[in-house]
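In what follows, chain A forms one complex with chain B and a second complex with chain C.
Moving on to the complex of A and B:
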């Protein structure tokens, strides 16, 4: 049961309808993104559909080149050179067809974006405070008030002496602190949706945990929905309500977080899970890797995109692309011809 | 006290820069205050004292420190008067060409559209014609005057700024902070003015200082060729031209303005180099300095 259904059910059970929860905050329908490159068409995203409810945290997991970052950028219309088709409905309005000025008004205010690399995502010649208050200033908030709120926000993300640091430049901050600043920048407009594109990749492990905790508590407090993009399955365990595994620009499997970890019905997800060290078992001497490489997005294999690397691939896998469907007795959708079988015999591939 | 120690340390560490600053301040001061501090009236002629060498005593008291010119006017006073025109022409033309060229470069480099194509082909075209030739032609048609000289100088050098700022923009526009600003809802105009321009400020300022020297020399060349400043006004280039006839009998007439041009442009260049080294570390543009130097060669 997705959390949309959960909330709706809870609302009915209580005899009152909760406002607006039945409608997803973000709904992506059949999104495709392609780039015109000198060596041919690069198909980065090929028909991705998903939705995010208000206050929900959704994780998108995939290898490099799986199309996860491109999907994220498409959500804010940040891909001027790409051909984007499908629908991206935010609060019922299509981002892809709305006028530019409406889109600008949406950015940083209703939807904001946290970038992967905080070192280069901040302008080196402008002060931190100037940059944090920018989303407010863009909406005509008076300078004094914007400054007060920016300093409050700096304090919230755990920057000590925020009033003094307000006037500092990015190079005076460490990597972890810069990512905190980026989070402050993304959340100061109290957006309804935050897209976090591998926000912790550039940080060391201890700082990673701090930043994720911070993002969790702040979005919880503000009631912000989060789309969290990462290549690290482990990071999302305590964070995401729901997860989506992407491969070669397609969704392979989508499920609630626990469901995905314990009852995955997709060989690719299982492969990813097996490549993680487990904390509750004996420490393995070697980790199981998925052989081969992800396919080039300009030359995708026919059938199931994963078949060249899949240990269980059969003839049907090279011939036919499996749809993303929930198997008969299954709980969540998976794009695999053998999802049914994997549901009937859980653990068969472990 | 603290400020004094800091100044003292700067003077000690940067002797050459300090000297350059002193020279420039002296030139600017003499240009601004010529009628107050000049030892003689720069227009007062004394035909008895034609082409006297430096350190000749004046009959009315005082010494002609740098000698006198063919009309018996004090060479030092003439030099100070000439600095007015030389400085104002070069500063004005640097400001105009800098503003225009940088604007073109910003827009062309940011949007990379038809405007970029047209403007850059225009730049190529102009680069292939000697700028002095264009300047001479235009001044010949329009007639030499202060405003015309400034405009012609600006028109012949704007493309240096356009090229440099466009090149830097091509790198800057791909920076993540530009995308970050866009993701926060900033418009293109705001991104260019608030984010990209400040990042360009340091390299463009360095380029402008270098160009100041180029402008000063070009003005001198134009005046020397007779299509620049016209007498009785004076500029260093004009003084050089007027002294040419007496090169064998009164060499100081050429040496004095020549050395003045040399010292001023050298000072400007030294300060520009120092400034460039200082700002290089805080600039988001890597390789910007090499770009500037290579553009100036053209």
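Moving on to the complex of A and C:
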């Protein structure tokens, strides 16, 4: 059991159950995901725990191979070929042991997913109206009513002339508009949880901001919870309530957003923040890059997975994996043997 | 007079669009210069014409009108041997390091290809020495020579792409979003590499990006494009400290910063503007 949950669920100690009012909407306990590949076992997620409350905005940050997208896909049972262990409780029910029909009832209705690439996630030969209204029609909403609500939803996500565009095909929309169509499709069932997997990565900055605003309004106005997955620390700064930084299938640091950006106590998070080029402030001669490259999930280094790239690495880091815990003087958990030392000067890569 | 390596003047490129009588001007009267040893950033959103401009500069496509001069020579009318010589002088680093390296070739072959085409008289042993030296310049090891692209990460592949471009001793390096598809921790490595190459080899760069922040770290001057036209061009300090064009300002404002307090303020302002508009 990890201490990330403490932050989220206001302290769940020793399996003691909480009263229903503060029960998280989603609770992930010690999730592991692995794939059988020709060259051996690929350990994509290695013991991730977190929870999400209603109307909460949780950011998951990670680079390629960090396990962030696999975690997201596991939440919806979208990994038929993987070995998944642990628990994923949605509203108290375990998604992993649920009958398929129950899971289908959840998907697109209680939990929906916004994919990174709208062009490959939309069916090119069906009109977008047909695709957006599908979740409603599948649940027995009358054709006419479904259409009306789909058009309303298109208007809500900022598509102009929604009634006319309802009959258009995906290729008739620009990238940003397609992403809005995806969002409309994800929201039409009025889900309680939206998982957004890099929904803004392919978009221009001004469109990115619009998508962020749209998801933000959703949480504020409808109480929807959002799990936002990205590799971009900038995007989440204004959006997320809480954040989780993943590396090599594990959580490196979990904190409230301000804590993470201003007072990080994890060398990897600090490295990511330092390596970002900035649009204001002094321009350094060279950026402080993190050396090396992320490890392959089929060949993870022993000890702390980040140790080969870490400037603080000592013998203990190669030998022992640091648990994700809140250090003595810290405010939030970090998986680093030197987290307590880092609390002396949080937010600084020394 | 400054020593301009590249001079682009009145560049226009039109494309025919099915169902429309009028051609679309992807690049619409673009002019700029790049001095020797300078890095110019060309920034714009998708569809702004920045990549089309780059492709015209490299003569991968023919401009509709206008001139592109490299060392004072108009390259838009070059043919035969002269065009081949130009190909060595202006090289491209691609955006996607996965699709721009032949998966069946070894690193050595990938880098050697340009040398063999443009400098056929160089002996095999010398080619190998040059490649080893190039790998060192871009931060790879000699034992990488015999591997194929699949063995490398995105950042390492981009280093191979850069080594390939440098192999023919280009005067101008055109980089089309070279870090856009890389992981954050790797982007900084590659940006530092470009900075280093510029200082050590005196390279002249035309750096295409949609991202104002990376451009700020690398480029001496910056041009901002929208709808096929340059809205603003200036030195880095001018453009970032005191942007003039409304479009530049809008782009700058939208760049997310890793600063929650500032970003929440911006988000609240955007929301207020929205609700203010629809009472």
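We adopt the following convention: the second predicted complex is superposed on the first by the 319 of 350 C-alpha atoms of A that agree within 3 Å, B and C clash if a C-alpha of one lies under 4 Å from a C-alpha of the other, contacts with A are read in each partner's own complex, and residues count from 1 in each chain.
By definition in this document, a residue touches a chain if its C-beta (ideal position, glycine included) is under 8 Å from a C-beta of that chain, and two chains touch if they have at least 3 such contacts.
Just so you know, these numbers come straight off a predicted model, no measurement behind them.
> Both complexes share chain A, so when I overlay them there, do chain B and chain C fit or clash?
Once chain A is superposed (C-alpha atoms), there is room for both chain B and chain C without a clash.
> Which partner chains sit in contact with A:277 here, chain B, chain C, both or neither? Use first/second/both/neither.
After superposition on chain A, A:277 lies in contact with chain C alone.
> Which partner does A:231 contact after superposing on A: first (chain B), second (chain C), both, neither?
After superposition on chain A, A:231 lies in contact with chain C alone.
> Hey, is it chain B or chain C that touches more of chain A?
C
> Using the touch definition from the top, say if A:313 reaches chain B (first), chain C (second), both or neither.
neither
> Touching A:78 in the superposition: chain B (first), chain C (second), both, neither?
The first partner, chain B, only.
> Counting only touches as set out at the top, which of chain B and chain C does A:258 meet: first, second, both, neither?
After superposition on chain A, A:258 lies in contact with chain C alone.
> Using only C-alpha atoms, work out how near chain B sits to chain C after the chain A superposition, in angstrom.
Superposition on chain A places chain B and chain C at a least C-alpha distance of 13 Å.
> Pick out the shared contact residues on chain A: the ones touching chain B in one complex and chain C in the other.
none
> Help me check something: in the complex, which residues belonging to chain A touch chain C?
That would be residues 63-64, 175, 204-206, 208-209, 212-213, 216-217, 231-235, 237-239, 257-258, 261-262, 271-273, 275-280, 283-291, 293-294, 309 of chain A.
> For the complex, give me every residue of chain C touching chain A.
45-46, 153-156, 183-189, 191-192, 195-196, 210-214, 216-217, 240, 250-252, 254-267, 270-271, 274
> So in the complex, which bits of chain A are touching chain B?
76, 78, 104-109, 112-113, 115, 117, 120-126, 134-135, 138-139, 169, 171, 182, 185
> Along chain B, where are the residues that touch chain A in the complex?
175-177, 179-187, 190, 194-195, 198-199, 201, 282-284
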